[in-house]
Amino acid sequence: MLAAVLYGPFDLRLEEVKIPKVGKDEVLIRVKAVGVCKSDIHYYETGRCGSFVIKEPLILGHECSGEVVEVGENVNNVKVGDRVAIEPGFPCRTCNYCKEGRYNLCQKIRFYGTPPINGCFAEYVVADADFVYKLPDSISFEEGALLEPLSVGIHAVRRGRIKPGDKVAVLGAGPIGLVTLQVAKAFGASLLISTDKVDYLLEAAEELGADVTINVNKEDVVRRVLEVTGEGVDTVVEASGSPEALGQAMEIVKRGGTIVQVGIFPEPEFPVKMVYLVDKEIDLRGSFRYVNTYPLAMELVKEGKVKLKPLVTHVLPLTEIKRGFEIARKKLNKVIKVVIRP
Amino acid sequence: MLAAVLYGPFDLRLEEVKIPKVGKDEVLIRVKAVGVCKSDIHYYETGRCGSFVIKEPLILGHECSGEVVEVGENVNNVKVGDRVAIEPGFPCRTCNYCKEGRYNLCQKIRFYGTPPINGCFAEYVVADADFVYKLPDSISFEEGALLEPLSVGIHAVRRGRIKPGDKVAVLGAGPIGLVTLQVAKAFGASLLISTDKVDYLLEAAEELGADVTINVNKEDVVRRVLEVTGEGVDTVVEASGSPEALGQAMEIVKRGGTIVQVGIFPEPEFPVKMVYLVDKEIDLRGSFRYVNTYPLAMELVKEGKVKLKPLVTHVLPLTEIKRGFEIARKKLNKVIKVVIRP
Amino acid sequence: MLAAVLYGPFDLRLEEVKIPKVGKDEVLIRVKAVGVCKSDIHYYETGRCGSFVIKEPLILGHECSGEVVEVGENVNNVKVGDRVAIEPGFPCRTCNYCKEGRYNLCQKIRFYGTPPINGCFAEYVVADADFVYKLPDSISFEEGALLEPLSVGIHAVRRGRIKPGDKVAVLGAGPIGLVTLQVAKAFGASLLISTDKVDYLLEAAEELGADVTINVNKEDVVRRVLEVTGEGVDTVVEASGSPEALGQAMEIVKRGGTIVQVGIFPEPEFPVKMVYLVDKEIDLRGSFRYVNTYPLAMELVKEGKVKLKPLVTHVLPLTEIKRGFEIARKKLNKVIKVVIRP
Amino acid sequence: MLAAVLYGPFDLRLEEVKIPKVGKDEVLIRVKAVGVCKSDIHYYETGRCGSFVIKEPLILGHECSGEVVEVGENVNNVKVGDRVAIEPGFPCRTCNYCKEGRYNLCQKIRFYGTPPINGCFAEYVVADADFVYKLPDSISFEEGALLEPLSVGIHAVRRGRIKPGDKVAVLGAGPIGLVTLQVAKAFGASLLISTDKVDYLLEAAEELGADVTINVNKEDVVRRVLEVTGEGVDTVVEASGSPEALGQAMEIVKRGGTIVQVGIFPEPEFPVKMVYLVDKEIDLRGSFRYVNTYPLAMELVKEGKVKLKPLVTHVLPLTEIKRGFEIARKKLNKVIKVVIRP
């Protein structure tokens, strides 16, 4: 089968590789749509992402949907021909994290496109059957692929314990910010504030439900949020990964409020306004991937509470994946999300 | 009555002031013991503490016990002659924080020794009756005063959701660290690690239940904690206020673990190793004062689960309060806690 | 002022009584709308409700809105002329329940229309200022009065921890059932089932958002719910007070699910299918009145997520209160809620 | 190997059966100690227990410890020769309950001695490796077997959210009641009340930490508990399965308190005093088996917080299992727990 294999920074090659074999609890899927994620871009640019480093050639890609073409002997939740989305991390199922319902923290998880596990920028991919979800007809393959970033947003909102009536600021209006906004609204948030540096992303945020949008290059975020909210917001979801944004979060969150950090910081250590942490008794909570989100993600899309189609700005065939990566990393043509369709 | 009034940095004067009047829901108490707290020292040295600044002469002191000498007409929970401890902050009772059970965050709270509310380095003090707790005979006045720092420890442990079987590190072995250790044990922690720079404090920690003590000037804390625990501790309580300690906390807490920040940092902003927050999905939670702790604090002392007497290293009369402050701020004579007895 | 005073069963007299005096933290309100509640009917029919018994003549009524006509000297959250809703229970603010954020359980609460506290079927009423909420222009006096039953629904939904994606059954489609349905939807429930014996109430439920309605006299509730849901619902809110309904709840709730009991049972003891409690590890949780609900209640009405107007089927002047009570207790003219406008 | 096979009521036969085979993630264990549980007795007396019915001959027994004699190729958490305890239910690991950390509710769980899964009244037994726990030297095989009922107690205490300072009543002083008492104490409960009909069990309760013991045949439980506690207990754990006890629980729990039902009722439906559920806003929570308890169970025994040895009143070889069952079911010779040692 054809696959896009990363050999090193900017060295992404289209190659013929073997179709993976299906175990008895597994499913073989013909890939139909794969989103390009910021972490894919990190690997592409530097050969690494966070603490992960590519040592062997690797197939990237983890936001994935497709069609079932073969099922293992024990599989009965999906069948050949089913249109499906794949939750792209398969945990060990035996460690304490797995048994306690936090399998996202499993240290033996096999996660697509994370060394040394191959991902889904390829024609076929194998998945553990219970992490494969049958899509309703109303959800397209592109939307099915984007259930993955939507899951990141759901997990962040759950970590923030966002509830009806809450005032929420989402910092960053990239794909994660834009799904998080919508999820916060679906969880009942009464006031949604979106910030970014890029106007077209803020316009998207407004269309998708933001009550207030703030361009951080043009306005004083802290002053504006305090004007709008009085005592600050109940919850901030920091989805930009910018150290400045975390500083703003500390200032705009109200006493007793929560900040969820979901954006990945560009460097491991940087100055933070920590004084507010104790003074305002803030909860600052990391949010890592997601756990038990796919059924809700599908439900939210089906009910129309979350719209994923407006995020898909570019669709390209697998053969043009390099162009897709360039569009995504250079933020060309008002890109929000590039989707590859093998 | 005699009171110690702070006019400015190092300008602490013993003066005669008026005995405060008792409202109908209040109690007048003859002060018997008052602990000297780090925040008292901050005001004494600089005229400020955190965001609070002394503008008018102020009586400091908030760790307080005494004897009831007068009660308002509505009061029936204590009576004249009762030995009592005072919870030293009286919230507004009408804001959302008060109604939701987080009165420590009330912005109208009147807190002893915090501008502009006078404290209890004086012969008499007035308190809202429902924040006055009758002491059992088995609890001395010195211990009664130290129910206040004990409350800080209880609140920190609750914020850390410490539970039976947990491995816990408490960074800093001053009075707050030493009570937090004991509270963590009372909440069921199975392994207790204590760190500090001062050997006699670590010895106290060991006597009060620490399983492992580490002098951060002599050993590599991170390496040692990981050796002892394998994957890190479930919860860290950072009770030193040292930026370095927060960095250590980020490294020694296990995936999915919690860090509670209770120590006050010397400066508002400093570099923090934030990379772990998302990677390990850490909860970093501020802990501010306490809420609904006094009944449990008394119970823990009564049952012998928390020992406060070993913390009281110096007892001085009110007339020697300046000497007491000097001992406390210069850490003389293996001081842990100075108690003033008016 | 004119007031409706209950002297005993069916002995409700319109009388001139004194206008109550306003304390310094209180507000005098000209009553504009008062809903007739099932508990008012209980007192009217029997002189008692649950464990409360009327010994002195009592003014009933607790679902109340009006206009501020006088404020105490300390009051600054509302002013004369403001249109307001009243949260009708004023807790002691000093007991453990109050301090822990569960003031609905305060045993010294003064609750309108509950012996010996007079209620608001009268021209004027006095309230603690912090339990008086300014209404936005978009909320009418009738809706303002119904924020009270809406609060009961919010508290029940919170007790049931209903969250996005949940399947929920609300048993009983009276006023409490009808607001609970809407609140469950606002909290994100994906499937809403409503049951009752009365067709016009089920029609109202359908209009207000129920996906499935079941007349318990015509269909097998358990079979139908299991057909629709497969493994049962995540949460049942039992809002009818019928012992049979509690039995159905036990059967239709899924393993690990929650039943919230908000309906008042007609008798203290009756047979219950308890076998499921352990087998399915059910949480069966009582829900008593409400706590910290009014701001959210106003928000939900303002956002249009909860509709209260369709519940107001009858509006009568205070002089016709007896007719209003007869309509309500005999369920005449497709009554849902009778509102008295003094 | 020799095994005790139940063919029907009272028809328990010692037979030679095949030693089970070991899969690649499994472990073969030479059984050293097996506790006789009430549910074993139910099957023995009636051929059924709750909703489970024996249709094929079945080996009972699920409270088990032993020595590893063979391990599958993937196993690395234990090795041949290790002394181990077995958590006797192996969940499917793929359903929502498993993924959400509530594997005790998994409907495909294979649980020893529950039809059609054979248990461990036999010389050898096979187990999923990750449910096999290496015992420290300080824990004997008998204690290792009793980690299973201890787990039931831990789960009940967790379901009751018992915390430091709580007043707790445990109804029933059989093996489950006696471990629950000790666990409640380890979780910090300040006052422990134990009730039963049998004096020697109450004596055991007192020795194991009960502050107050009440023989329900000799004293009025409700009056006594209210005398001792004033407003009632924070949490009741009902561990007797007696309908009367559940009625007492409803009366002795304080407002806002929690009742955990862990005892199995003799019949599916019976009268319950439900009036308190709403009036006192009680949480009544079923507790089914246990989840994620074994590591804590071992820790509690190792630390001496829970004593299991006093529960082991009778130890018999497998060949005398029928006598063991008779002792257990007839409550002969002050039996608390019978342990079989193959």
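We just call them A, B, C and D in the order they show up, numbering each chain from 1.
Going forward, contacts are C-beta pairs under 8 Å (C-beta built on N, C-alpha and C of every residue); 3 or more make two chains touch, one makes a residue touch a chain.
Note that this is a predicted model, so its numbers are computed, not measured.
Undergrad: Select, from C-D and A-D, the pair of chains that is joined by more C-beta pairs in contact.
TA: The comparison resolves to C-D.
Undergrad: What is the distance, in whole Å, between the centres of subunit C and subunit D, each centre taken as the mean of its C-alpha atoms?
TA: 42
Undergrad: How far is the middle of subunit A from the middle of subunit D, if each middle is the mean of its Cα atoms, in Å?
TA: Between these chains, centre-to-centre, one finds 43 Å.
Undergrad: Taking each residue of subunit C in turn, which ones touch at least two of the other chains?
TA: Each of 102, 295 in subunit C touches at least two other chains.
Undergrad: Quick one: do these chains touch in a line, a ring, a star, all-to-all (complete), or other?
TA: Graph shape here is complete: every pair of chains touches.
Undergrad: Which bits of subunit A are touching subunit D when the two form their complex?
TA: 93-96, 98-103, 129-130, 291-292, 295
Undergrad: How about subunit B: which of its residues touch subunit A in the complex?
TA: Listed in rising order, the residues of subunit B that touch subunit A are 50-51, 97, 102, 104-105, 107, 243, 246, 255-256, 261-265, 267-288.
Undergrad: How about subunit D: which of its residues touch subunit B in the complex?
TA: Of all residues in subunit D, those touching subunit B are 163-165, 186-188, 190, 295-296, 299-300, 303.
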